[in-house]
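Both complexes shown next keep chain A, but they swap its partner, so chain B is in the first and chain C is in the second.
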Partner chain A sequence: MMRVARSVLALLFAVAVLYGMQHTRPLYSDITSPIVASGGMNRRVEASAFALSLDRVRVARVLNVETFGKSKTYTSSGVWLVVEGEAEAKFETLGLTSGEWLSGSGVRYVLTDRVPATIEMMPGDVYQPGLPRHVLLMFEVPEDAVAGGTVVVARTKLLPLDDEIRIATNVSGRDIEPELTIRRNHKGPSWTVLPQR
Partner chain B sequence: MDSSPAKVTSARRGYWPSMAALVVALPAALAAQTWGSIRDWRAQHVRQPVSATLGQPIDYAGASWTVTRFTRLTGIERSTVVLAEFEARAADPKALGAIPCEVRLADGSREWKPTLFADPVLRQQYPEAEQRSLCGGIAFAAMEPGQPARMVASFSIPAAASSLTLSIALYSALPNYLSVSEPQP
Partner chain C sequence: MIAGLGGLAASAISFSMTLYEAAHPPKVPVVQAGQQIDTGRWFVTLRSARVGTVPPTGVPPSQPVQLVMVDMDVVNRSATPNNVLYRVVAISAPAQKLEMPTAYLDRDKYLAGYFNPNMPERLTMAWEWPADVPVPDKVTVTVTGQIYKLRDNLYGASGWYDRDPVARVDLPVEKVP
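What follows is the complex of A and B.
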């Protein structure tokens, strides 16, 4: 009788353990999610393969892009976010192809594909070890996604367990400029954001 | 349930041989399962340098390779451009051209990939670079057997980087790769 009771108890225990394991099992996306390094504005944030710092985030209703003597105006039903900073590869040449704006409510917005690649934006650039390079990221987002947003940068969205840098911005969403102009330079920094501040 | 003494003794007798078999079978199963991944990792990470000297031909991947130039050009601000020229004479240039080729510059802790020919320093100081090909298919496309296929690679690196090594790897010859050190002034 005791032996039967012991077997039933052992069986119940095993079922309870399996049930617990099944319900606390992390999702595959959690297991392979990027390794995040976080920081704030005007600070160099280090991941294992690259480092990133962001100096300025500006918000505007209209974006003008001047390149090769031509100017084009981009309007939006939301606003334009123009983010400037510096990135550096640490050990090998790499590209940073994934940039996202993570709103305070958790919605992700990818880099805009409306602005032509003639302006050197982050996804098209190559970063060499030991040579920090200016980065320019542009997002088109709804006005209510601006305040408390975070910039998320990674080499690619496809590599599991790869580096990801998250930089919390300090934009309030109230300081929206009527328009910004991005001018491509022939010498010095690749672009200038006007009006200068 | 039969729990006769004979059965119990037989079960006890089989216990330790079974445990010993488990010690062998478990690692063997793990090894069989991960062998493919280990082989892939080895192919990607384990490399064997074949040392070459600037200007001296050396046989590698079915061709005779010569690194003819390995020099620094004047750079901008904190960066400098390193230029490497090399040629390969192959008995079967078409076959060699079908093999992916990887050229890198390293200083011991960092590794640079070649830049494209868009670098203004390179365009200014070495305009003929645009007439040369990067290592790989195009360089060998129009070549006859025994004719030298001339290639070039340029790198943008920090001016302070030292102890540079140029590496040329053809995937068919891995884990071996050609390794040439920067000549000292």
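What follows is the complex of A and C.
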């Protein structure tokens, strides 16, 4: 009798412990989340494999893209964010394929895939150690996701426990330009954002 | 001994549940065109269907094909961009498996990529219809629901999982060249 009661108690205890652990331990996505280096605009933020600084974020309702003599207008139900900065690898050549806009409320927006690849955004380039390179990131987000947004950049989305840089932007979401033009250049920096400011 | 019996019982129960479900398919509500359907992850509003040979890009494919195109409005309600709408919206041909459809963004008249959260978009999904099967006057679109699990049963990871169909919409098929 005593032995049965003891096993039942042990079983109940084990169930309680397992239930408690299931509900208090961090999520799988938290355990395998990237290692974050954060910072603000206009300063170099260092992760272990690469560094990034962002100089400018511009917001527009319409985006015109001019590349190889063709011009196309991209409308949106929200707004376009055009982010420019500089990235540099530290020890080995690498690509930066993942760029996200994390809104103040925690919703993620990835780099737009509507703009043609002839406009080289950040994932299209290769970054060499010691050779900083200009980077361009473009996002399409609803208007209420602009203010308080953070740019999140990583080598890839698929490597757990890899580096990630988060840069808190300073855009208010009130200064929205009617339209911006991204023009592909044939020399010098590979694109220009017009009108210049 | 007990473990063996337990396993046997489990497989018997699972088998009979499958049989029961196959015999009693869940009743899926029929929804009118133009009415918003909540799938969990998406709001989907089916508009119209047509059959043609030219996809929304305006460029006919090099090999002539018959395309069944369905116009719809979608809103991604989850917190991350996503593009796997073909798991949510599906049509079926009699006795044939259709190829994966192609989605075209109405704004660009070009291939659609990711649908960002909370950004309503109009799009056209185009299925290649088998050449030897006549296109019916009416096509039934099945809309599948998805649920969010904070912890899945295998890894404890968060994610969206397919569920049963939530709506069936009958759309008349217009014939356009």
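Here, the second predicted complex is superposed on the first by the 173 of 197 C-alpha atoms of A that agree within 3 Å, B and C clash if a C-alpha of one lies under 4 Å from a C-alpha of the other, contacts with A are read in each partner's own complex, and residues count from 1 in each chain.
In this text, a residue touches a chain if its C-beta (ideal position, glycine included) is under 8 Å from a C-beta of that chain, and two chains touch if they have at least 3 such contacts.
If you're wondering where the values come from, they're calculated on a predicted model, not measured in any experiment.
Check whether A:92 is in contact with chain B, with chain C, with both or with neither, and answer first, second, both or neither.
first
Look at A:130 in the shared chain and tell me whether it touches chain B only, chain C only, both, or neither; answer first, second, both or neither.
first
Could you figure out whether chain B or chain C reaches more residues of chain A?
Of the two chains, more chain A residues are contacted by C.
In the overlaid three-chain picture, which partner chain does A:141 touch, first (chain B) or second (chain C), both, or neither?
After superposing on A, A:141 lies in contact with chain C but is clear of chain B.
Scan A:107 for contacts with chain B and chain C and give back first, second, both or neither.
second
Which chain A residues lie in the overlap of the chain B contact set and the chain C contact set?
On chain A, the chain B and chain C contacts do not overlap at all.
Using the touch definition from the top, list the residues of chain A that touch chain B in their complex.
90-93, 126, 128-131
So in the complex, the part of chain A that touches chain C is made up of which residues?
By the definition above, chain A touches chain C via 22, 25, 27-29, 74-78, 106-110, 112-114, 140-142, 145.
Spell out the part of chain C that touches chain A in their complex, as residue ranges.
79-81, 105, 107-108, 110, 113-114, 116-121, 150-151, 155-158
Please give the residue numbers of chain B that touch chain A in the complex, ascending.
Against chain A, chain B makes touches at 78-79, 109-113, 115, 155-158, 160-161.
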